[in-house]
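Before any comments, here is the structure.
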Amino acid sequence: MSDHFTGELTENGHRLVQRVYYEDTDFSGAVYHARYLHFMERARTEFIRCKGLIQSESHATDNPADAVAFMVGRIEIDYRRPARMDDVLTITTEPLRAKGARMVLSQKIHRGEELLIEAQVTVACVNGLGRPRRLPESLL
Amino acid sequence: MSDHFTGELTENGHRLVQRVYYEDTDFSGAVYHARYLHFMERARTEFIRCKGLIQSESHATDNPADAVAFMVGRIEIDYRRPARMDDVLTITTEPLRAKGARMVLSQKIHRGEELLIEAQVTVACVNGLGRPRRLPESLL
Amino acid sequence: MSDHFTGELTENGHRLVQRVYYEDTDFSGAVYHARYLHFMERARTEFIRCKGLIQSESHATDNPADAVAFMVGRIEIDYRRPARMDDVLTITTEPLRAKGARMVLSQKIHRGEELLIEAQVTVACVNGLGRPRRLPESLL
Amino acid sequence: MSDHFTGELTENGHRLVQRVYYEDTDFSGAVYHARYLHFMERARTEFIRCKGLIQSESHATDNPADAVAFMVGRIEIDYRRPARMDDVLTITTEPLRAKGARMVLSQKIHRGEELLIEAQVTVACVNGLGRPRRLPESLL
């Protein structure tokens, strides 16, 4: 019963479906602009889970030098149209480049066929000491 | 594919399953205490959706006097044990009393068999002018 | 220039002033109900800072058994009236009881003279291993 | 006593000082990446307040065609270094271009002398019907 959270791997990446709740909206009536970053972060978390990586575990190794954590390095995000309360959103994640300690992902949010958000997110892989480390094999 | 959001009606109320993400945690390592109110609000939203009420629609009638909105009037919440990143939480919602413009719900959050949160939430029904109004029939 | 954050100790406790921003509101036009817990948590953080305790430091001792952290154990909160975008809120914190590992605080949120929120918050003191520990002297 | 919220106009724009609280952090120990957008939004709100524009009022004119609202159109954000619990952050806002219905702002977040965040934010001015409208004179 808990499976649907993880979304699903697709030909080019991953797809996750999420609902908009009260907490996501602001008094303008639309979704607060920073909340789209939450939806995209949930999608990245589930994408790398599908790749075999559970972040609460990979953070917590005995030797911090072996830990695997991800930090957002840069985001470019275009707000095309606003999402609203009760909307069902599909978040797609597609790796564009992955090399060394860094990967660049294309993330989009649709409501049905309608494109709401387009973003490019650069993620850096670090160990438990905050030092850059090579991405896990499954992500390269 | 979007069905799983709504959770399911149970003998006594409703059950919703949700994942804990980065956004829900704080630097203590556990879930930030106010975030449990988000999980419970999502559950109430889905519970009343199962009862036929979609809040983005019931807010937006032509005549504000006919609108149906809900406001939290009081919460008592006991924090039994902390939830953590990646946890899968089950939120149960059971109406205790519903009369006139007011209903009292018992809401609990479990991780598997383990009880994390116990709360009692009083919700008031108002119209679009902020005046108390009778709860919709389906909730009485 | 950074002083105003900390609010000020009063005869009975502490007072902090905060602004409502977009992020605090939802599509109902008022402040999202869980956000009042954020305002109250900021007030508690500043109150105990005024008492000499900086949480980012007290969490991070060499010996976890000596660390001092606080966990919310229970909240009772009554929502009297809604706050709105741009409102300036005064959060007052008054200790009601403090004994052993536990203190109970009365917290209120006013907009000018108008009472919006009334709450009673039970906070437990734990060490870095999550075990109950005696409250620091300055809070007893 | 409520004046410090508004920050201050500077030669090139505006400066606002804010504290990092529990709510801003995540289990990695640092500030959650989406929260920097909140700090920047607070700074824009106070910047335009200093320019004479109060958003809760400009949204709520009798005639929606006259209303003034702002929507984020695009953000480019670089995460240089993480902020942490209790940090005091300075958010600076400098208009780069403002023309017609659109302005582009440079926003930076420093902790003391240290640059943490660098962003470029495009904001569109719309009326109450969601149509683009000319920026208020004070912002041109």
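Read from first to last, the chains carry the letters A, B, C and D; within each, the first residue is number 1.
Quick note on the criterion: a residue touches a chain if its C-beta (ideal position, glycine included) is under 8 Å from a C-beta of that chain, and two chains touch if they have at least 3 such contacts.
Predicted model, so just to flag it, every value in this text is computed and none were measured.
Interface comparison, B-C versus A-C: the higher count of C-beta contacts falls to B-C.
Over half of the residue numbers at the interface between copies subunit B and subunit D are found on both sides, making the touching surfaces mostly the same.
With centres defined as mean CA coordinates, subunit C is found 24 Å away from subunit B. Note: centroid distance subunit A to subunit C, computed from Cα atoms, is 32 Å.
Listed for subunit A are residues 22-23, 27-28, 34, 38, 41, 56, 59, 84-85, each touching two or more other chains.
Against subunit B, the residues of subunit D that register as touching in their complex are 22-23, 25-30, 32, 34, 84-85.
Considering their complex, residues 1-2, 4-5, 17-19, 21-23, 38, 41-42, 45, 54-57, 59, 84-86, 88 of subunit A touch subunit B. Put simply, subunit C touches subunit B in their complex at residues 27-28, 33-35, 37-38, 41, 56, 59, 69, 71-79, 82.
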